C-alpha cells in the first residue's frame, strides 16, 4: 500500500532528487552525506517514516511485511540469543569474561560499534572487539562466520534494542574520516562481472525488483543484523551479507572483517545514525 | 452438499467413533504410508480413506498469495465446524504432498499454525475431519524464484 | 545443549495458547551438500505430542515439508494456571526431545 | 624522432627477442600464458576488483593441463586473462567515476 501511493507519483522522487543535487550544500562531509542520504530515501518513499527504515525491506514491501510479522511471532533467532547469552556469561579459562573487556553495560555495547579506534588507527566492529577480548584473555579468536560469534552479537543486539545507532567521526581525526571515505568509495564503486555498485541496487533501484526480490534501502541496513536467513536456516552477520551481495554481482568477496568491509560497515552505520537498533532480525 | 451427504452415509459411523476419541487413546503412529505418497490424491486416500471432501467456507486457510520465501510459508488453519478430529495440510505440487496432519483430542481448538516449505507454486489444501465428514478449502500460493534476497 | 524446544504459553480464561519453536534441521532428503555434492539424507521430526497434566492435547504428524526449525502453535480448552504442559517430539532417526513448562 | 633514439631500438628488440626465446625454450605455452593471466589477476585483486571466477578458471586450467588437455587449458586461461584485464579496467574507471553516483552534495 505504501508502494502504491509512491507509484502513483512516479515523477516526484526524480524532482526531489534533482533538487537535492542542485541544492547549494557545503562540501560533502559525513554529516552532509548522511542528511542527503536520508532525504533521498524519504523522497523516494514519502509514506514511510524515517524510523520505519530500520525494518529494511519490510518498510517498503507490504506483502512481505505480513509474512515477516508472522515469523516474528516466534522468530528462529531466539535460539541464537539464548546461546549468545550463555556464551557471554561463561567465564574464560583465566576467570575473566567478555564483560571485563567492555566499558559499557550490556545494553550499551552494540551501539558503541563500529567505531574508529585511534590507537589502532582502524575501524573496530563488534565482532573484532569480541575477538580482541578473547585474545586479551588468552582464548583463541573465533572465526567470523562461527555460529557462536554470531550468536554473541545476536545477544548483544537484542539487549540493545531501542538504542540508537550513533557512529561518530570526530572532526579532528583525519584517519577516521579517511576510513569513512574508503567505505563510501567502496559503496559507490561498480565491481564484478555484472558491473554493479552497492548503490546501483540499494540507492538507484531501491524498491524495484531483481527477479522475485524487492531491493531494500541502505538506510537502515545495519540496524537489524545479525539476521536469521530462512533460506540458509542460519544466522548471518552484516558482513556475511556484504559478501553475499558481492558474490551476486560476480566479484570475489573479501575476507570477513577485512579493512574493506569494516570501512564499508563504518560508512553504512554512519548513514543510519539516528535509527533504532532492532536486531537480531529475520529475513528470507 | 451432494458429496457431503454421500460421505456422511459412507463414513459417518467410523468418523463419529474417531472424532470423539478420549485424550488418552489417540493413536500415536506416524502415518508413514500417507506421507510417502507422491500424488496428493493418493496421500489423501492413505490418510483419510477417501478423496471426497466438501468444500467449506467455515474453514479459514491463511496463507500468503505470494510466498516471500518458499522455505518458510506461514500457514494457519482454523474452522468454526464442530467436533473436529483432525486437520491435514496438503501442498499439491510438493514431491510429498502431505505436509502435516494434526490430531485434535476433545477440548483442543481447531486452530493451528505452522510454517511450511513449498518447492513451487501450488494449491495448498486444508482438510478438516469432523464427526460428520471431511471438509476442505484450497488456496493457491505462488512461489517465486528469488534473486539476491533483497 | 540448552533449549532445543522453546515454548510460549498464554492463558485466556480456560483456553491455553501454545506456541513452540524447535531446533531441528528438517532435512528433506533431496538437498545436496554444497561442499561434497552428496545428497543429505532425510532427517525430520515425525511426531510432536503435547500433554497437559498428562492428558494428550495435541498429536502433530510432520513431513519434511515443515520448515527447518519448526514453528507450531495450537490452542486447547480446559487449562488453568499451574498446569504442567509437556511438549515432546521424535524424529525419523529415533531421536527425541521434550520440554516441560507450567502454564 | 631523435636519431640517437632510433639507433638503440634494434638492440633492445634483439635483447627482448633473445630473452623471449630463452623463456619459451624453458617453459611451455600454457605455463607462460598462465603466468601472464595470473599476474593480471593478482593486480586486479590488489586493486580490490577481482572477479568471482577468475581464480577458479586458472585452477581449472592447470588441472586440464595436467590431464594433457593443453588446448582446453589455454581456452580457460584466455578467459581468465580477459576477466582480469576487464577487472583492472573497471578499477581504473571507478577510481574517478564512483563520485558521480554519490547521493548528496
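Per-chain residue numbering starts at 1, and chain names A, B, C and D are given in the order in which the chains are listed.
What we mean here is this: a contact is a pair of C-beta atoms (placed from the backbone, for glycine too) under 8 Å apart; a residue touches a chain by one contact, two chains touch by 3 or more.
Computed from a predicted structure; not experimentally measured.
Asker: Just to be sure I understand: going only through chains that touch, what's the smallest number of steps from subunit C to subunit D?
Answerer: 2
Asker: Which of the chain pairs holds the record for C-beta pairs in contact?
Answerer: B-C
Asker: Using CA atom averages as chain centres, what separation in Å is found between subunit A and subunit C?
Answerer: Whole-Å distance between the two chain centres: 33.
Asker: Let me have the rounded angstrom distance from the C-alpha centre of subunit B over to the C-alpha centre of subunit C, please.
Answerer: Roughly 18 Å, centre to centre.
Asker: What whole-Å value do you get for the distance between subunit A and subunit D if each is reduced to the mean of its CA atoms?
Answerer: 36
Asker: Counting only Cα atoms for the centres, state how far subunit B is from subunit D in Å.
Answerer: 61
Asker: Among the residues of subunit D, which are close enough to touch at least two other chains?
Answerer: Residues of subunit D touching two or more partner chains: there are none.
Asker: If a residue has to touch 2 or more other chains to count, which residues of subunit B qualify?
Answerer: 71-73, 113, 115 - these are the residues of subunit B that touch more than one other chain.
Asker: Spell out, as numbers or ranges, the residues of subunit C touching 2 or more other chains.
Answerer: Correct list: 67-68, 71, 73.
Asker: Would you mind giving me the full set of chain pairs in touch?
Answerer: Going through each pair of chains, those in contact are A-B, A-C, A-D, B-C.
Asker: Would you tell me which residues of subunit D are touching subunit A in their complex?
Answerer: It comes out as residues 45, 48-55, 83, 90, 93-94, 97-99, 101-105.
Asker: Can you check the complex and tell me which residues of subunit B touch subunit A?
Answerer: 64-69, 71-74, 113, 115, 144-150
Asker: For the complex, which residues does subunit A have touching subunit C?
Answerer: Against subunit C, subunit A makes touches at 73-74, 76, 78-79, 82-83, 86, 230, 233.
Asker: Across the complex, what residues on subunit C touch subunit B?
Answerer: Subunit C residues touching subunit B: 15, 26, 28, 30, 46-47, 49, 55-68, 70-78.
Asker: Could you pull out which subunit A residues touch subunit B in their complex?
Answerer: 56-57, 63-64, 66-68, 70-71, 73, 201, 209-216, 229-231, 233, 244-245, 248, 283-284
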